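First up is the structure itself, then whatever we jot down about it.
A, B, C and D are the chain letters, set down in written order, and residue numbers restart from 1 in every chain.
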């Protein structure tokens, strides 16, 4: 199958989906994470426990939710509770993975979804934290899903909406965030990245199909840790694309 | 127990928990008929400058018929808590919002809110204090508990905290830093439910969002409901009641009250209508046209439903899947 | 009807019942308060909103509960929730009256239901606070129901389980208890008492039928404020006794 | 934010909320069959010296079949949270309790507990830390929230606070004194419910007591249930689920599991049996006779039910009134 046979959104969905292991708990936000979770349930993770902010735990994603509170987020779920129950469950340490987006990300994985420019006189007023700060504070491992360009990958975000590693090693713990939590992966249209275990700075792990290390570096507004071995992320398989197109998003609302 | 950090944001609604107790003491404990129209409820209970909040989430179990009436009556300088999708977008579109304790206002899959951008970037919304989603729910919970603050581990280390009115203290039991969120008492809370009796005892199906918390954090509570049921029906299943009557000041019968949003198990959301709004909201002029047609141009919720049309509304019920 | 035609428990029940106005909220503990509330609903207060600690709000007391969590406490109730919802409702200022008992009471209405003797080496270990401390902290007006003798009405209780006026005027507020709350009445087998508005010390309001002021004073282990006018509490009416015996407690479990 | 006062009571179970997070992280997230007998659950999960708690309230929806098994296995030096009627009385009667975070142990309408008196006055229970009823529920809630403390306005000014491990601080938002209760994490929580599936998703009818809080505050959770239902039934009404499967370590099918207590809408409490216990408990010798007959003398819950007799059990169902 040719590498052109899928679009960037499909690539993001398939890459994120592979980061959702079976029998784990995952906090699912609007958009790509929903599609990825649905795909994961239909591919390798039938028992992925999806957790939606406003109360749904363990929904079966037969149909794709259009909003984080709507009935598909608790369709055939094991529990339909409320926002506090969900976020307190995360705060208590029960949720392994959290999937997030953002307008800007910095080398320590801090995310901005609040403002571009000055807070009190913003150039662009963005939606705000929503559940992102909660997810980034409490889930054990957070995964950011973003389009990749220099305006988004910046040395310093205009506003830290959601905590990554803040200013570096030890900073989360010093701020009072639960020890052992933090950013885990960044999935983009160009690459999959992790964080250097010592410096907590973003580190390239794999390039997306057809993308070179140089292209990733060029499109990143800060110095990325480049290890000796950079893997090549496998393109979406035919099976992934078929399920995504024919079952997950058959009305093509997102893809 | 040292205060390590204080957010620089304004405490728009200070947590005067003793005054809240005095208010609650005076609320009527008798079960009386509280049924009224959206027009009467808004006229009697929502005033210029009030601090209000809506539940659940934008297009999901949203008290839209009441929000539309606020717009029709032009209640202005509102201070608003929380997160929203369509409903807060409409209030912003109508230029009625002055200050926000904000966590998220956007259009979810359809992207960022143009109305929010226009109102905040122009300075017409003059105050934006930042919180997380759970942060706002927890602030309601603190008020609902009757205490001035609640400890959490959200917001720590971020600008979200810096531009909030939260404080960080050292926990006197463990020594770890803990974020304290101030209780948030609403002048008026607005909630749409599946069923309520005429006294205000109310039940919802599916997820509960932050219904219980917002109801208990409101000095005045307006409940709109898909249907009004006999008190006996409530009493048969009291373990389903999330809102006790004594919290409630107005009960509004509003079938399809969440339209174009959904009401789980009853009707689906009207995706075409939402897309119409998303398109209209991109430009101030088309925004105004939309408001003229769907809100200013109709007298009340009944006329609104007639404008949407019986066929469309029936369709939204027919496509509800089996449980 | 003769004053001997009722027993002390019946007298306590009828006296307490009259302190439950219609259309008010009342926090109801085990025993006499339950009977009083049921009697009140059947007499003058059909819309008395009974509130039981473990979750029942607005039950109709057709049958008499034997325990504060059992099904009669939420029989045909408007809400069946849980203990936190109930006590937080009180903490938020929604509950007007709270009915309490205790092994000892002092002039400021402080109640002991924890220990007789030293806490760590008690002569008698009593059950403990239960909900009493919560009721006495949060309800606007608390009413103690007790048998009246010098062992129970003491200058200093062995242990303040539940706050009355603590050490006197202003002490509750200084301790952080909600302003405007506190003890309101004490209903006993000998008298009905209130508190002096300035000194917050217990004050005789009315003697029970057939009881003299002297008898009350003799049976009280501290100096009671005795106003010029002491009323005589009316004995249970025939109607009250009939309903109590034939409807409220027809199996004579309590009376 | 100054600490104004600290209770002098021992913090029996310190609120190490980070350790609780680590524990919860390791709990299994897969849905696996957790059905087992009382004997297996107690053997595997409750050990000498453990800190345990039961829900709901003594004779109401009480996990009695599990408590009886604890007595049969003689798990000792238990540290116990909270309030109880019959179930904690039985543990005390058997001499298995070493320390109490106590709020109420008594026999309600039947008066004070003779077993409590004997065990505490003799010093066999060597620690009694005082709390209010809601205080204990709030302490569970703090653990359930994942924070080390929770602010309340109970206990202030009293010896209940003095002999607790609570602290009073000055509220940094309002300046008023506020009582902080430390989170309470249980080694083992035990709850009896109306229905659960084999994975542990559990639902109760009627009042919820502090079921949700205790379940979420427990490192290990044992759920006994009147009946085990298919997972599909849980998924049809997920808004009834109070306990998610991932909290649960053992699911025990225990019809009449609350006997001699009640299970609302299913069977009434066995007043005659309770009176038999009240009488027996007055004297150490008759107490032992009672334990010998009803607990040591039977092998398991099934034998216990046979001893009580089908006729009596059926009667307790027949007298359940209409809802």
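We take it that contacts are C-beta pairs under 8 Å (C-beta built on N, C-alpha and C of every residue); 3 or more make two chains touch, one makes a residue touch a chain.
Bear in mind that the values here come from a model prediction, so they are computed numbers and not experimental data.
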- Message: Starting at chain A, how many touching-chain steps does it take at least to reach chain C?
- Response: 2
- Most distant chain from chain A, judged by the mean position of its C-alpha atoms: C
- The larger set of C-beta contacts, choosing between A-B and A-D, lies at A-B
- Which integer distance in Å separates the CA centroid of chain A from that of chain D? 40
- Message: Just the number, please: Cα centre separation of chain C and chain D in whole Å.
- Response: 28
- Item | Whole-Å gap separating chain B and chain D, where each centre is the average of the chain's CA atoms | 37
- Query: Residues of chain B touching 2+ other chains?
  - Reply: 18, 145-147, 152-153, 176, 178, 206-208, 212, 236, 239
- Among the residues of chain C, pick out those that touch two or more other chains and give their numbers. 56, 74, 80-81, 88, 91, 138, 178
- Line, ring, star, complete or other: which describes how these chains touch one another? other
- In their shared complex, chain D is touched by residues of chain C numbered 30-31, 53-56, 63, 66-71, 73-75, 80-84, 87-88, 91, 110, 114, 119, 121-134, 137-138, 159-163, 166, 171-172, 174-178, 253-254
- Message: With touch defined as at the start, can you tell me which chain B residues reach chain A in the complex?
- Response: 56-61, 83, 85, 102-106, 108-109, 112-113, 116-117, 120-121, 123, 128, 130-135, 137-138, 141, 152-160, 163, 168, 176-179, 206-213, 262, 264-265, 269, 271, 321
- Task: Name, in rising order, each residue of chain C that touches chain B in their complex.
- Result: 22-25, 47, 49, 56-58, 60, 74, 76-81, 85, 88-94, 96, 138, 140, 178-180
- Message: Looking at the complex, which residues from chain D come into contact with chain B?
- Response: 1-3, 11, 14-18, 145-153, 167, 169, 171-174, 176, 178, 180, 182, 205-208, 236, 239, 323
- Message: Considering only the defined contacts, which chain D positions touch chain A in the complex?
- Response: 18, 20-25, 27, 29-31, 143-147, 199, 201, 212, 216, 231, 234-236, 238-239, 241, 244-246
